[in-house]
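All remarks here apply to the structure that follows.
The first chain written gets the first letter, and so on, giving A, B and C; residue counts start at 1 in each chain.
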Amino acid sequence: MFRSLEYKVGLFILITSVLIVSAIGYVAYKKDVFSRVDTYTLASFSGEDLTEGMPVLLSGYKIGRVHALELGDDGRILIRIKILHRHAKWLRRDSVFIINKPLIGDPRIVLSTGKMSSPPLSTEAIKEVVVANDINTTIKKLEPVVERLNRITINIETLTANLVDPKGNVNQILRHTETLAERLARTDSLLDLALGNPDTVSAVQEALKNTEEITTEMTRILKTVDAMAVKSDEALYGKDGIFPSMRTLLVDLVGKLAKLDQFVIHVNNVGANVDASTKDLGVLRRDIDETISTINSLVKELDRKIPFRKEPRIKLP
Amino acid sequence: MKERHPENLGLVSTDIPLISNLNVWLNIALIRLYHLSESRLQAKRVVVGLLNRFQKREIAGLRIAALDHWERYLVKLLRAAMVQDALIVIDRPFRLVPDLPDAELIENSLTRIDDLYFSCRILDYSWNRDRYRIKDVSES
Amino acid sequence: MVTFIEGIGTRTLKLCRSAFETLFFTWQVILHLLDLKTYNKATQLVIITQLYFTAVQILPLFIYISALMGLFLMGIVLDSIKQMGMAGNLGNILMGFIFTEVCPFMTVLLLALRSGAALNTEVAVMKVSKELDALNVFRIDAFDYIVVPRILSGIISVVLLNGIFTLVLLASGALFSRMIFGLAFDAYIRILVVSADFSDLVILILKCATFGFFITLLPIRYGLTASNELSSIPIAVLTGMNNVFIAIVVIEVLSLILSSI
């Protein structure tokens, strides 16, 4: 029984121990625990941020670590670093050791290999380390940026204050802009902008000018007609008389102007997105409406003054 | 936990039980294994030889619970005899082996291992004097 | 009110006395563990027997439970890692959490439940049946014969079984890494090796040894508190097992603090 028991226990211990030791040994081997290491000494005026176990990197690859920190006779900090023997070839007499303190992460010693033709670094030599403080460098780089940001902030504050102040420059500019916009609304140039076709604009302008001329002409004719009315009823009120012809002419004109009105409405729609242009077109529309209204009232006045009779009036003796 | 006893005391008593998680031969050999650091095989050989003196070698591998009163007495006696130059003290043998008519078997068992102990004392009540058939009984 | 205050005082004193006795007992055990004279043939035999009962006999069940746990645990953990987009931290999570925290904890829990309770009862029964007195009569030191071999086998068992548990979980991890991340075995091992720290492995072994020490020491210590009455056995076992679980939690917390320093 005991032979069997001892055999089982022995087998268990043997197999398990071999497995565990192999696993640990493998990790130790991969972690270079058994590798030969060389000890070098570096010196620094400050031991700040230096810790035992700190990595020594070459091109971002760990080749060793800080083994011990000591205070030297001259008051400097002596940093004993252990470098794997197979990486010792990268340490040359002109190599530079930089203590790098990154903004995020732990500090590390970075090796900058010198010329490979340079003699190998002796383990007895004491190399001075260079401190490259990422935080300070970053702060230095950031200083002018921060200063500019400060100025921008002050400017923004001034602008905001100006915006709030009703008598401020910005509000004044806005008022001026409003005035200017009103003025612009009255100019033809915006009509150009709204229509896009200079020919159409000239046509509209031409039509308006003609209407104006017609109105003037009509006024003049009415005056003449008034003078002539007394002279001959027949000549005026006859079928081919002057007044029926004039009425036909005026009705035609009203029709044309109505068409022009529609055209303006269309143009108005086209320019609906442009407020200032809409204002211009509105003005134009009003001009046309006024003209039509004037002509209509003229026709009415004609009708009132010279009634058109279908049956010739028979004058009794 | 500790109580001082004479170094060579080999007590056989109902108050000093056998170790329940050990089998017969280990109960007997324990003292040799512990004090003499004797090898297990050697100790077993000795124990089996001793059991054979009582024609009981078959009980060597048994657990204590499997033994009768007489076998338990024998195991306790042999365990006591394992002490170097043992002073064997048998405490009330008829409590250990209640169905014995007299002490003949007790005496016989002591005779068979007389080479193993220096001295032997049997402690019992005076009313059991006749069961021993011996003349030099001291009373206290 | 006075009775209440007295009650607090009595409990505190009892607790302090118990803690002191446990510390003293621990100190004595350490002394005996370090004493070469302890390791005679009888003690060696007990060590082997205890190793058999604590580690070898439980092995098939232990491997089965480890495999089952490994499948569930690694499946869930690796799936969670993928869902949380933490695949880059796979090695650190496995090494820093699963293998250094979960494995020892599960191992010690299984052993405490099985062997801790058994030891506690065994010693309590030996005390009640005066077997310890029998050892004393024959000048067999109970520390050497009962306590030290059991504690030593407890230490060895926890360390070795934790190794087995870890290996089974490693295998499960390899399986699930391939299934979930499509990770080849060598890449999986490389990730683990990169994340592993040699000092962490040493701490892990020390932690397992400490676990093994206390999950056997406390049941024995409280088993010895049993009186001559049979009814004292369950009380001794109850107290012992309570203290074992408290000790497991305390050691786990201490190891976490230690590894975070």
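Convention: contacts are C-beta pairs under 8 Å (C-beta built on N, C-alpha and C of every residue); 3 or more make two chains touch, one makes a residue touch a chain.
The structure presented is a predicted model; accordingly, all values stated were derived computationally and were not measured.
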Taking CA centroids for every chain, report which one is farthest away from chain C. A
Chain centre (avg CA) closest to assembly CA average -> C
What whole-number Å value describes the gap between the mean CA coordinates of chain A and chain B? 105
What is the distance in Å between the mean C-alpha positions of chain B and chain C? 40
Inter-centroid spacing, chain C versus chain A (mean Cα positions, whole Å): 65
Residue numbers in chain B touching 2 or more other chains? 40
Multi-partner residues of chain C (at least 2 other chains): 45
Multi-chain contacts only, two chains or more: what residues does chain A have there? 2
In the complex, chain C residues that touch chain B: 40-43, 45, 122, 125-126, 129-140, 142, 144-145, 224
Please name which positions on chain B make contact with chain C in the complex. 1-3, 5, 7, 9-11, 15-21, 26, 30-31, 33-35, 37-40, 43, 79, 83
Seen from chain C, its contact residues with chain A in the complex are 45, 48-49, 51-52, 55-56, 59, 156, 159-161, 163-164, 167, 193, 196-198, 201
Considering only the defined contacts, which chain A positions touch chain C in the complex? 2, 5-6, 8-9, 12-13, 16-17, 19-20, 23-24, 26-28, 30-31, 33
